[in-house]
Amino acid sequence: MPAVVTIGETMLRLSPPPGTSLEHAAEFSVRAAGTESNVAITLSRLGTSAGWISRLVDSPLGRRVAAEIRAHGVDVSRVLWTADGRVGTYFVEPAVTPRTARVIYDRAYSAFAEIDPDEVDWAFVRTARHLHLTGITPSLSDRCRALAVRAIAEARRAGLTISFDVNYRARLWPPKDARKALEGVLEGIDVIFSTAEDARTLFDAEGQAEEACGLLARRFRPRVAVVTDDGRCVCAQGDRLVTREGYQVTSVDRIGAGDAFAGGFIHGWLSEESIERGLEYGMAAAALKHTYHGDVAWITLEDVRNLISGQPRWR
Amino acid sequence: MPAVVTIGETMLRLSPPPGTSLEHAAEFSVRAAGTESNVAITLSRLGTSAGWISRLVDSPLGRRVAAEIRAHGVDVSRVLWTADGRVGTYFVEPAVTPRTARVIYDRAYSAFAEIDPDEVDWAFVRTARHLHLTGITPSLSDRCRALAVRAIAEARRAGLTISFDVNYRARLWPPKDARKALEGVLEGIDVIFSTAEDARTLFDAEGQAEEACGLLARRFRPRVAVVTDDGRCVCAQGDRLVTREGYQVTSVDRIGAGDAFAGGFIHGWLSEESIERGLEYGMAAAALKHTYHGDVAWITLEDVRNLISGQPRWR
Amino acid sequence: MPAVVTIGETMLRLSPPPGTSLEHAAEFSVRAAGTESNVAITLSRLGTSAGWISRLVDSPLGRRVAAEIRAHGVDVSRVLWTADGRVGTYFVEPAVTPRTARVIYDRAYSAFAEIDPDEVDWAFVRTARHLHLTGITPSLSDRCRALAVRAIAEARRAGLTISFDVNYRARLWPPKDARKALEGVLEGIDVIFSTAEDARTLFDAEGQAEEACGLLARRFRPRVAVVTDDGRCVCAQGDRLVTREGYQVTSVDRIGAGDAFAGGFIHGWLSEESIERGLEYGMAAAALKHTYHGDVAWITLEDVRNLISGQPRWR
Amino acid sequence: MPAVVTIGETMLRLSPPPGTSLEHAAEFSVRAAGTESNVAITLSRLGTSAGWISRLVDSPLGRRVAAEIRAHGVDVSRVLWTADGRVGTYFVEPAVTPRTARVIYDRAYSAFAEIDPDEVDWAFVRTARHLHLTGITPSLSDRCRALAVRAIAEARRAGLTISFDVNYRARLWPPKDARKALEGVLEGIDVIFSTAEDARTLFDAEGQAEEACGLLARRFRPRVAVVTDDGRCVCAQGDRLVTREGYQVTSVDRIGAGDAFAGGFIHGWLSEESIERGLEYGMAAAALKHTYHGDVAWITLEDVRNLISGQPRWR
Amino acid sequence: MPAVVTIGETMLRLSPPPGTSLEHAAEFSVRAAGTESNVAITLSRLGTSAGWISRLVDSPLGRRVAAEIRAHGVDVSRVLWTADGRVGTYFVEPAVTPRTARVIYDRAYSAFAEIDPDEVDWAFVRTARHLHLTGITPSLSDRCRALAVRAIAEARRAGLTISFDVNYRARLWPPKDARKALEGVLEGIDVIFSTAEDARTLFDAEGQAEEACGLLARRFRPRVAVVTDDGRCVCAQGDRLVTREGYQVTSVDRIGAGDAFAGGFIHGWLSEESIERGLEYGMAAAALKHTYHGDVAWITLEDVRNLISGQPRWR
Amino acid sequence: MPAVVTIGETMLRLSPPPGTSLEHAAEFSVRAAGTESNVAITLSRLGTSAGWISRLVDSPLGRRVAAEIRAHGVDVSRVLWTADGRVGTYFVEPAVTPRTARVIYDRAYSAFAEIDPDEVDWAFVRTARHLHLTGITPSLSDRCRALAVRAIAEARRAGLTISFDVNYRARLWPPKDARKALEGVLEGIDVIFSTAEDARTLFDAEGQAEEACGLLARRFRPRVAVVTDDGRCVCAQGDRLVTREGYQVTSVDRIGAGDAFAGGFIHGWLSEESIERGLEYGMAAAALKHTYHGDVAWITLEDVRNLISGQPRWR
């Protein structure tokens, strides 16, 4: 049974080649991508066993999503398979300065959005050590919101620690709805991840990452609040505030860097019981993610450790 | 103003490279594809001006669909643009003997499915000579069914000739529903196109293409009934039955060949007022379509004429 | 009838993939590219209707050129089609610091170079509001030079405003010839575009963009002279001098940025009657062009406005 | 614990695009490929749980091999990982009539060739129902030969059924050596697979597949002997001889078809206890494999059943 | 010094991917291609040293042409390099039944067309054993016609044998001009190659390949006349007529097969002094050429011999 | 006979597309790459005739390696061809900050590693002016070490100048072994190339490039010692120390830049007898190499001179 379980939606990500337009490119590259499965992949690659629960159509596209995640060693045995419905897609034209990324979500009515919380194998969750969720799930449908609430309840009852990444997406719901939904679930979460910008948008945080982090810590009283801001990160554990500067990166594709951070942090925090190690692993995993196209950080624990220690991995 | 107007939905078609799987291919080729716009493209390329009416999201994907059709000279000025909604997609893994094609339609809830017939610029239709519709449109939504009915009414009132391609898709609606809907619209259509198989499935035709063609002619009393069957085609004009054998083809991609046939037939029938010419142009256009990937027949009138006359086009 | 008409040659642009050599690459990417059609495309995409007049061979290559331009909504109905002749090609190996771009023009003897000014549908020009030409056309052949002179005369007589982009190409003609030819046409043009370097090479401008701009303004007395220099731009309207700094860009491909600038400027100047708006639109369009491979700026008016206002287009 | 366990080497397969040469192609496609893992993949995709035991370097290449196999649900948890050594590679230029395939094996000194049988988790094997081996393993090294002998002994002791695919490769060892080694292991195997040609080369079989099959059945007394020959197959169970004609196929890539056959046969034989079902599933899986590039048959049980029943899978 | 020298023009060949159109493909594959250099490449690959004389621009494109030919070991040291001019290009959309190939020659005004026969290093020719020319050269320009005449005169004086491939191209010159020019050069040639169709078009041959071959033999009195027709070939040596049936091929790309035939024939004829061997080598080389994209036959002498002897080359 | 001869191993270099992983990329680009052949290619492209001696399998892969080098005009006539053995391969995932390059060497047991020095045509070496070797050769096998020693002896006897690039590879041998082997050969070499880092690792150099260069000059008493360090380079000729700053580069691929430097230096030093010219040519060649994928600097002498003189090569 995996040590960490994540629950969420994973879509097909379709992107034109670098420097070409969704309006024009003859081919789109295809990959499975979802914030929760990204975290599970990072964990599995670093050596923390991970499982991912979702709901997929039993079609070539649904099987593809599961296969891409399973390839990294993530346990996908509890995915719910359905004969009907659709696999969500999203189209991304990556940002090139000063052009911002174009993202077209086409995920409404997906098989996951219609999940019934009672279908999930909660015993699989209860035997894990840790549960990871994000703010995207409650935004997708009423059923998904109920799913998140139920997952937290199951995990708590079974004594798991829980992490929650705020991950606000303005294109999925307005701040008002997000705030209301998230206030209901963040209370009592062990590890809260947020960007400084999301903390500003949803919780009226002001100032820098430090202030945002303090606000989250005071407001939701997690064991750890972690706020990232433009490569930097700040972590509050009770009154203690730890900060780390990020690495200089040549960013090939920034999407998924936050998930690599969360995966790296959880790995370090769970395996070495140290928020300092969590931050180090998270920052290194995120920096390495930036260097690859797609959502996946193609890293190993050795890569992360070498980057942290300043040793080149390959001579 | 174009001579022929078509109305229908066009989607993004996403296909893995030949011999690879939707489950695995790193890239999908991307093209706009829809039966009615395919017909309009063939007509425009052959020299009959054509317009296409549809409803699209004003996003890179929607603009792409319009641009790919406009590139061939089709008039897309009456496309309805909407801020919200989605562009339908479909995923195709082409057939390789003995493997049949895999087709995943993901077109529910598209911008076109939610079209309001009152939004359409019917004056644009009324100034044309000919209207072309297919059986896919009424299968998509109640609004689309109403749209087809309205289009036929407008065209009749304005004295246009009308063609209708039965184009039955089992994955969109069951035969019973299709039969009921189509019986309501086929009566009085000038040109009915059907495959022999569709005539069997929907109208209990028996035997060969000749019988199916006769049945359609008797039942719906069109000026012309055209039935294709495995490369052959049969055309009934009153009691007169004309048949043509198809060309031997190396089929690169069969999707769109029926649309090229319809486009070629309409061009020949309208411009030379002869069903024989219609059949010749239709068969040649369809054969040439088979030699290209994607739905588009990259042909000119000269190509079609050279194939008919047995002259090589290029020495 | 389009508001702006442009006249010029468009070629097939053939480029090896980034970081590979024309000597070695297994594939070349293929696009239609020409300074005047680039401007027409930018105008059309921003909402100003545009037409493009040229001369093309009726071959797959010539049809391709027209189709790529028509796809953006540009009116290509007045292109002259010819049975013989060739489509000009050019080969580009883009610059990578410190390597400069390699450009091989292979455009001599093209169908456009042999255009007869009397063939052109001048009525189409006369019904527009604005004509745009560039210094490339008079460099191509005697007939092309006569074409430019005739176009200016027709436009003036019909009361159109005229813009002219100097666009000096050392590989097409020596400065002496260019100077002589351009002096004959620039007199009385409404909007002159030039780079600071071209102003130095052809008109002995000294100093910075400001000086070059002033010199052009005094010498040719346009309503507006616009000089760009390394991302900055300067605009002189009578005695008034307006300058704008450019955006910081990650340049994927700089070719076509000047055309996007001209298209953006003309759009702003025509639609909002303000050189400030012209400069803003031009600078934004040029910056966004830098982020795409090929000559086309895949932009919308909304993209340009969002960049100007500092709002991200896509969250 | 998986129902079927396979043991063997999987390499990186590097192939130029169709119709290009290993001497010249700018890119090679890359896939993991090995006869035993191919069988495991087919089994897993058809619904029979399968595990694959091997030895791999813990490098990006070794991880890739494991990931590609795990993606299909095959249990790779017992792969032995090593810090040193190499991943075998092979280069294939597929056959095009009358050109035969070019195959360059570069697998000497691979991590698998240096496997120590004592390292293997034999308990994993013993808890399965069935073991599958091939004649490639004993050809690779003395250690690999010992591994095959040990595996058979362990399986027998634990009561598993065993299948063995002769799979003679002239480029790996001469017939004399192969004959000697295989005679030592084939005795008492439950299911022997062979091509008619291998039976001729190694065991002096004469005549058609029927004769070869009879000879294998008499000589090694398996429960079932299965001989394939140019699409046909013959199966001997005691005195009973069953034959099946193959499907007509458009062969995109024939490599791996024999493995798909073996996987399909084992699935049918194990799950439905019928050699007729085994042959049907094997023939269908092999035919579908021919339609894909690479060694993998991208099939489901439904695909195989539909082909057998003559129903199209996708309308 | 090479044993065989060829003289002629080689162009850049630009082709869209199989099944796509010159009007639409995003990329064209790029290769150097010319009938005489194709022959030289085949000879060099089979073991007969060969040199190729031409005239090229010293640009990346010209260097590419020379490099692609030199890569096969052909001596290109006598290519004439020029600072100005152009490299000829041609665009090919390969045939797919019933669609014929589209070929767009864009070779007028190339550097080769402007060659001055006096520039050529004739000593290089005179030290060879054999000279190979084709009917394309005299069609290109007056200078090229003079070049062919001069080459024949130089070769004769120095005692070389000469082969000449008629290679009629209707798109380069009308039959009347070709007939007149070729009649002037074919007299006294040692080996004449022609297709049956060219013999019909130019020399009024009637009936089958045998008749055409006989006519050429009587009319121009070569030592050997070789006529190919749809895969068959016929060879006349004085009164003796030898025929060979071709191989069954899956034709990936037929362009260059005639050149592979000529190269194979010359190799066999020169090295084994036998027209039977020449035909065998020519037929095998041509058949293998059909299996590759592009003009080059990626073969070795061993490949050719294995095909002739019916032995598979690679097991 | 070439002016410069190099001896060494060249491998197939296999790389995933930029920003993708060796674990995942569907295609690897393929190129021949080896430090000594890279130097020979640079020399040949700059106009100094060069030959390359090596040992290759006569397979499509071995022929490919020779062909890619021969394409640049390098004399490969003395390559030793063998029926058996393998072509070394290496897999590279290029560095992206902060990720370091991943390099997997798979070159053990290559045909070159088993070379017998007596097989080499030493007369070919003796007729040259200059010999170039690197520290990679002695690391590969005992035979290769003997080959390097023999080559130096032959060259000295025949009066050639000799250059030697230290090129330490930690993944091929430990510093202790490298130091011992190199100390035996560097004594009396005319030109020693080293990076500052290699000088530190192997010869305990301290401080900057200047110190390292002085140390090499004192220790091995070459006519010229050249040390590069992060783009800068320092050259010691007796007591004279010359330094040059590098160019600012956008590095597409840094592999091969050191070889381009060596090739440029040798060209300048040999042809203009000046270490200043050598440094200039070397720095320019290296900078231009950085702008191309793969090991080859696609440059001409004109490119190098234009960069040195600050003139753009192409306007």
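Read from first to last, the chains carry the letters A, B, C, D, E and F; within each, the first residue is number 1.
Definition applied: a residue touches a chain if its C-beta (ideal position, glycine included) is under 8 Å from a C-beta of that chain, and two chains touch if they have at least 3 such contacts.
Since we're looking at a predicted model, the values are computed, not measured.
Chemist: More than half overlap in residue numbers between the two sides of the chain A-chain F interface, or less? Answer same or different.
Modeler: Different: when the shared numbers are divided by all numbers used, the fraction is under half.
Chemist: Determine, using the mean of C-alpha atoms as each chain's centre, which chain is farthest from chain F.
Modeler: Of all chains, B has its centre farthest from that of chain F.
Chemist: If I compare contact pairs by residue number, which of E-F, A-F or A-D overlaps with A-C on over half of them?
Modeler: Looking at which residue pairs coincide with A-C, the repeat is A-F.
Chemist: Chain B to chain C: how many Å between their CA centres?
Modeler: 39
Chemist: So, what's the distance in Å between the C-alpha centres of chain F and chain B?
Modeler: 61
Chemist: I'd like to verify one number: the distance from the centre of chain C to the centre of chain E, where each centre is the average of its C-alpha atoms, in whole angstrom.
Modeler: The separation of the two C-alpha centroids amounts to 44 Å.
Chemist: Could you list the positions in chain D whose residues touch two or more of the other chains?
Modeler: Residue numbers touching two or more other chains: 18, 21, 23-27, 60, 67, 102, 298.
Chemist: Show which residues of chain D lie in contact with chain F when the two form their complex.
Modeler: 14, 21-30, 59-61, 63-64, 67, 86-87, 89, 91, 93, 102, 104, 106, 108-109
Chemist: Going by the contact rule at the top, pick out the chain B residues touching chain C in the complex.
Modeler: Where chain B meets chain C, its residues are 60, 67-68, 70-73, 298.
Chemist: Along chain B, where are the residues that touch chain E in the complex?
Modeler: Of all residues in chain B, those touching chain E are 18, 247-250, 252-253, 287-288, 291-294, 296, 298, 303, 306-307, 312-315.
Chemist: Flag every residue of chain B that touches chain D in the complex, lowest number first.
Modeler: Touching chain D: residues 18-21, 23-24, 96-103, 169-171 of chain B.
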